[in-house]
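This is the structure I want to talk about, given as structure tokens.
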Amino acid sequence: MEKKREPKKIFIQGAIPVEKIANSIANHQHKTNIGAHDIFLGQVRADEIEGKTVSHIEYTAYEEMAEKVVHEIREKAFEKFDLTCAHIYHSLGKVKTGELCFFVFTSSAHRKMAFEATRFIVEEIKANAPIYGKEIFEDASSQWKKNTPVS
Amino acid sequence: MEKKREPKKIFIQGAIPVEKIANSIANHQHKTNIGAHDIFLGQVRADEIEGKTVSHIEYTAYEEMAEKVVHEIREKAFEKFDLTCAHIYHSLGKVKTGELCFFVFTSSAHRKMAFEATRFIVEEIKANAPIYGKEIFEDASSQWKKNTPVS
Amino acid sequence: MSTLTVKYFGAIAEVTDTLQEELDIIDDMSVQTVVDVCLQKYPRLQTMSFKVAHNQRITDSGETAPGDEIAFLPPFSGG
Amino acid sequence: MSTLTVKYFGAIAEVTDTLQEELDIIDDMSVQTVVDVCLQKYPRLQTMSFKVAHNQRITDSGETAPGDEIAFLPPFSGG
């Protein structure tokens, strides 16, 4: 924990490809001090609101601030939990229903740490990172998404 | 929840391939009522015990009973949590350090349910499924692994 | 006379119809005064919910300096 | 005279040196009696920690019937 970690790029244009997740998992197989990974994936739902169905979400963000906020959340996670590593990615731009928009991946020697760290990071980012999702309906009308505290 | 679910095959010979996880994630992208996935992966650690380092684990199981037990745990998870789906795989035979031996994947409209369900399933399987891991050291000596309640 | 940058996001940017603009300020203008100036310029913001970030930190107090960044942030909806 | 199947797992199977064997029983032999018979056959099991499954259910009571399955299960270590 003494090593100073630099803020990382977290934004990906469009949906998060499954290959990115697979590569990320594969890259951990040489770290033989890891016993447990916990991966959270956010997927865009085809919610129906007043008879209209969501077709995709357009994500925007205050990118520079979001990267700082996420960096601080990541540092806090390393302080609170005994982690080997933590990876965090979020989409920008258009993500269609069924596609992935949010990817949080933590690893630890022990499962309790990974479970708690992933959940902590997901909740903190939803609550504190300046990222915005606009739900676009099939008829091209739209509304701004609102996060609920733990849903 | 009315639909009767049949017991599923949970055992895989050897390590769980990353491609299996990737395919599993990709297969959910047409289910547009899903908003959140939580994936737990167990990885074999190169633990050092009295100066000897683990090289791999040999897994055995009371397979038929384990499949029943896991089926019941899965049913309980569907009762307790509002899930869209739940997938569970465990290795049999040789799994080298750094390789994956346990894969639990739940999906739900909302993240709270997926987080809690994956953790519930992992803890229940560790506590109640007749599966055995024998740690083989680099010098070919061995010891039987013991699960600790939430480690 | 010098300027600071004001940024607008999400639903707020749809009201201001711009993502970013330069604002002329006098030295040591408070964050609250900058916000008030913007609310006068865009009266519809007065009924909207937002937080203010000063140089990428959420705050509602403090003094600004030339070149600073003030952002209007509606409720977050990442994830 | 009929038989039931006894299965051994993990560390226990290393002691019995077999994964499975048929045991001659008299009808309605209790689970506990079957266990006692095995503990006599393999005295080293007496100091070991295990649970007993009868037809794939953990139990330490009940009666067996011909064709039943009794298993000696040392502490689990899946995952």
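Which chain is which? They are A, B, C and D, in the order written, and residues in each are numbered from 1.
Note that contacts are C-beta pairs under 8 Å (C-beta built on N, C-alpha and C of every residue); 3 or more make two chains touch, one makes a residue touch a chain.
Please read all numbers here as calculations on a predicted model, not as lab measurements.
Touching chain A and chain C at once is no chain at all.
Between the Cα centres of chain C and chain D there is a gap of 73 Å. Between chain B and chain C, the centres computed from C-alpha atoms are 49 Å apart.
Taking each chain's centre as the mean of its C-alpha atoms, chain A lies 23 Å from chain B.
Residues of chain C in contact with two or more other chains: 79.
Shared interface positions of chain B, defined as residues touching 2 or more other chains, are 42, 111, 122.
Counting only pairs that meet the touch rule, the chains in contact are A-B, A-C, B-D. Those residues of chain B that touch chain A in the complex are listed here as 18-19, 21-22, 25-26, 28-46, 97-100, 107, 109-112, 114-115, 118-119, 122, 150-151.
The residues of chain C lying in touch with chain A in their complex are 7, 9-11, 53, 56, 71, 73-79.
Remark: chain B residues 42, 59-62, 64-66, 68, 90, 101-102, 122, 125-134, 144-147 touch chain D in the complex.
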